[in-house]
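There are two complexes below, and they share subunit A, which is joined by subunit B in the first and by subunit C in the second.
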Partner chain A sequence: MTRILTIASTVWMEIIRKKDVYVLLILLGTLLMALVSLNVFGLGGTVKYVKDLGLLMALIFSWILGVNISSRELPSEEAQGTVFPLLAKPITRAELICGKWLGTWSIASAATLLFYILITGVVQFKGGTFNLAALLQAFILHSLTLGIICIIAIAFSTRMNQDASAAMAYVVTGTAFFVVPRIPELMAQATGFSANVLFLLYNLLPHFEVFDMRKRLVHDFGPASWKMVLIVACYGVLISLVFFLAAWLAYRNKRFSRGNLM
Partner chain B sequence: MACIQKQAVLPGQPDVTATETGNTMKQTEARDLSAIRGWLMLILLGVISFSVSCWLSVSTWTLQAADNRSSIAGMLLGEGRLALSGHFYELADEYFHGGLEHQTKEAFRDSLFQKAAGEISPRRHIHLSGAETSEIIPWLRLATMMNPSNVTIYLDTAYWLSSESGRPDLAEQVLLEAQVRNPSSYKVQLERGRLFLQEKRIKDAKQAFNAGLALWPGEDKPDTFEAKDDKASLLIYRALIHEAEEERQEAITCLKGILNLFPERTSIKDRIKTLEEGKEPSLLASQVWSDMLKKDVQTKSGDRCKHPGEE
Partner chain C sequence: MDPAIEVKDLSVVFSSGNKEFTALDGLNLSIPCGQVFGFLGPNGAGKTTTMHVLLGFISATRGEARIFGTDVRESIARRRIGYLSEHPDTYRFLTGRELLTMAGRLFLIGRRQLASRIDEILPLVGIGEAANRKIATYSRGMMQRICLAQALINDPDLVILDEPTGGLDPIGRMDIRKIIADLKARGKTVFFSSHELSEVELVCDHLAILSKGRLVAQGPASKIIPPGESLEKYFMKVVNNP
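What follows is the complex of A and B.
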């Protein structure tokens, strides 16, 4: 465990040095300010759109952050040759993957927490509020989504370079975000082979819609039942474990060559 | 390079100082070349920037001349803004129904994931009312910003502002903006006229209905039911104002105009007959237009949950 934490802490230091989080935080702040300053025909007291777009931007930015930082960790170790002294130490490859995942997931979640704090501040500035229990649930589920996103990107990066793994991670997670919830609708018009393929995809790909509490927060429906949150959390952990297993299987016998470092 | 040169000249006992001087000269030349290249790049970038700025100015002018695409949204998003406008318009509808999305046909509705998603994001069919309806206005605003030539969105915005939000002053501003963006639309004038009648600003209403009649049919086809019905509305409101101002002959002319469009409307025939006989109609003009305005509001309220293609 200490070794995993050590690897995670080096990931933190590296990402803090690279300033990705600050850039996204500033960008989110700027966009929120632009939203707040939108002239809604001179009508005051409207806040739901700020909540909605703010949470959407937090989701998109954390997604970008999660994929980008996770997909570059292992390839950059290989490209710089630091993977050799790292694996020469008493660290297993599973621990390396776990440490990288813990580092990237925790930093993406911490950044998301900052995003949520910023959004809450802006919403309060506009005269609105969030239900705190619902906000906490939303953050927990959002964080679990990031865990899945990070391990997917790491799984791809075990066998691909940074750009390819990021692209693949975007494709898979993007499909999970935008296409999977629409599959029942698409299947209503599909028949035969295409309907079977869609059904297979529906059951194979992760379902990010079950982690999405934005609507509940925006329309003030109050918190969801903790039992349901727990069930969804278990599903998130299960999906993460599946991708972790895939990542480990792909990485455990990988041979590194100094000639292919670049 | 220096190492290679040294290795090449060592067997022949060369002058080391001369070699070093040569190297220094070459380095200096390389630096000069690099500096020249830098300056050339800078000049090239300047020329490119100037050309792009000229091109952008021309493009902006062309866009302004073409249509409403001169907005920032138009320049940034191109035709994609139309899709975004439609999305924002749908979002406004979704907000009005308490976050309930349009129900489309699905192959199945009871999968484990759908149930879990339903628990996490509940689907409740509610209607916002009163001041709460203001929450839909930002989406309508964004929709009009993305597509200022869509008059329907402006008319809906004005309806919500004047009815549920209780802000007819803002509704008037919206319609004014709609008029500026769509100067040839008679529909904007019809809605302005209705708004003025609600506020009992008869003179302004009269001007708006006159403008609407002058602009009709605008870009619409004159033989469609909607266009003809809109003209009939303009004519009836105008006729009622004539009546209220004791201008019976003008009122009759307007009512006959409606009969030309819809000969089957017997109530119009009766009213013409009453006016021609010099009698007072059973319902005063002001009562009729109040009833009509109420009916218009009820019709729009009834259309709130109707979405073509939905289950």
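What follows is the complex of A and C.
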């Protein structure tokens, strides 16, 4: 575990020292501006809109952050040649993947926590409140979604360069976000080959919709049962483990390029 | 006592599409503990490939390799190794001290022991004053030195150095020679490749010369080089007429 934590802490230092934290500040600023500017359209009094927009933007920003930082970690180790002295130490490739995932997931989750704090502040400023238990559940499930997103991006990056792995991660997670919840409707009209493709997609891709508690928060439905949250969390862990396995299988015997390192 | 490095009938074949390239062809080596072993050969001879097999970066197509009796495919085999790569580079966003702390933690060295080891090793590689500066501000020579420091952080019994003097000025080369002599005096095994034959002549007990993936000469430096011949002349002879 010490080795995994060491790798994860190095990821944290990289993000902070390479000024990636500025991207986060820009995202936070954008979020704040968007929420405050709702007044411009005469919707400022409607807390629901603030909540809805704020939570949607938190989801999108954390998604972007998760994919971007996760897809670059392993390719940059290889491109700079730092993977050689790293793997010359008694660390397994599985530990390296776990460390990279832990680092990127914890950063994306910490950023999400900042987004939630900001949204809560703006909502309170506008006279509204969040049910705290529901907000906590939403954050836990959001964080689990990020865990899946980060390991998907890392899994692609084991065999692709940074740009390609980020693109693939966006396609897969984007499909999971926006297409998978609509598949049952589409399947009702599809036949033959297209029905089979839809069926395959529905069963292969993660179901991010089960982690999404935004409607519950926006409409003040209160918290879900903790038993349900636990079941969904187990599903998230299971999906993450599947992608961990895929990442490890792709990376365990990978032969690294040693040209053009200088 | 197990040899520091034992390689038996090691072959590595790289394939790309229908084409195959034999990087190593039936290599046999047995390096006892405490030796300074020079591993020579022209570019593309298979030196770095051998090192990469020893470090578990790539798998052999045939044969086996052991470090202190442990199969190189097991991560535990790397506990007693220090490695400096051919193109040393590292996390430039860290300071020299932070890099060594990170490297030490990967070897599970305790905090106190690690702090004293870092204080011991930084002056040894000549990075004392720059240790708290970001590595991004280091010169190429300093980068080489800090990478060497992280290779020595675990006080390894076997040090694998791939072109350790490349990019260093004469003072830096002398420092590396001193470090190798110090390691030898402490009973450590040093396995290193270099194109600087004069350096090799100065520090090595034993030599092996590789050409096109095959071992063409091996033995104590004093015995394999004919009297009155320089290593350079001998090297050219065996590489051109294996």
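Following the convention adopted for this analysis, the second predicted complex is superposed on the first by the 241 of 262 C-alpha atoms of A that agree within 3 Å, B and C clash if a C-alpha of one lies under 4 Å from a C-alpha of the other, contacts with A are read in each partner's own complex, and residues count from 1 in each chain.
To be clear about the criterion, contacts are C-beta pairs under 8 Å (C-beta built on N, C-alpha and C of every residue); 3 or more make two chains touch, one makes a residue touch a chain.
None of these values were measured; they are calculated from a predicted model.
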First (subunit B), second (subunit C), both or neither touched by A:Ser225: first
Subunit B versus subunit C as contact partner of A:Thr191, first or second or both or neither: neither
First (subunit B), second (subunit C), both or neither touched by A:Tyr49: first
First (subunit B), second (subunit C), both or neither touched by A:Ser37: neither
Touched partner set for A:Pro85, first subunit B, second subunit C, both or neither: second
First (subunit B), second (subunit C), both or neither touched by A:Met213: first
Of subunit B and subunit C, the chain that contacts the larger number of subunit A residues: B
Contacts of A:Ser257 with subunit B and subunit C, given as first, second, both or neither: neither
Intersection of the subunit A residues that touch subunit B with those that touch subunit C: none
Interface residues, subunit B side, partner subunit A - complex: 95, 98-99, 104-109, 111, 113-114, 116-117, 119-122, 124, 131, 134-135, 137-139, 141-142, 157, 161, 165, 167, 170, 173-174
Subunit A to subunit B touching residues, read off their complex: 38-43, 45-49, 141, 181, 184-185, 187-190, 195, 202, 207, 209-216, 218-219, 221, 224-225, 228-229, 231-232, 235
Contact footprint of subunit A on subunit C as seen in their complex: 14, 48, 52, 55-59, 75-76, 78-79, 81-91, 93-94, 98, 102-103, 105-108, 134, 147, 150-151, 154, 160
Subunit A to subunit C touching residues, read off their complex: 2-3, 6, 9-10, 13-14, 17-18, 80-82, 84-92, 253, 255-256, 258, 261-262
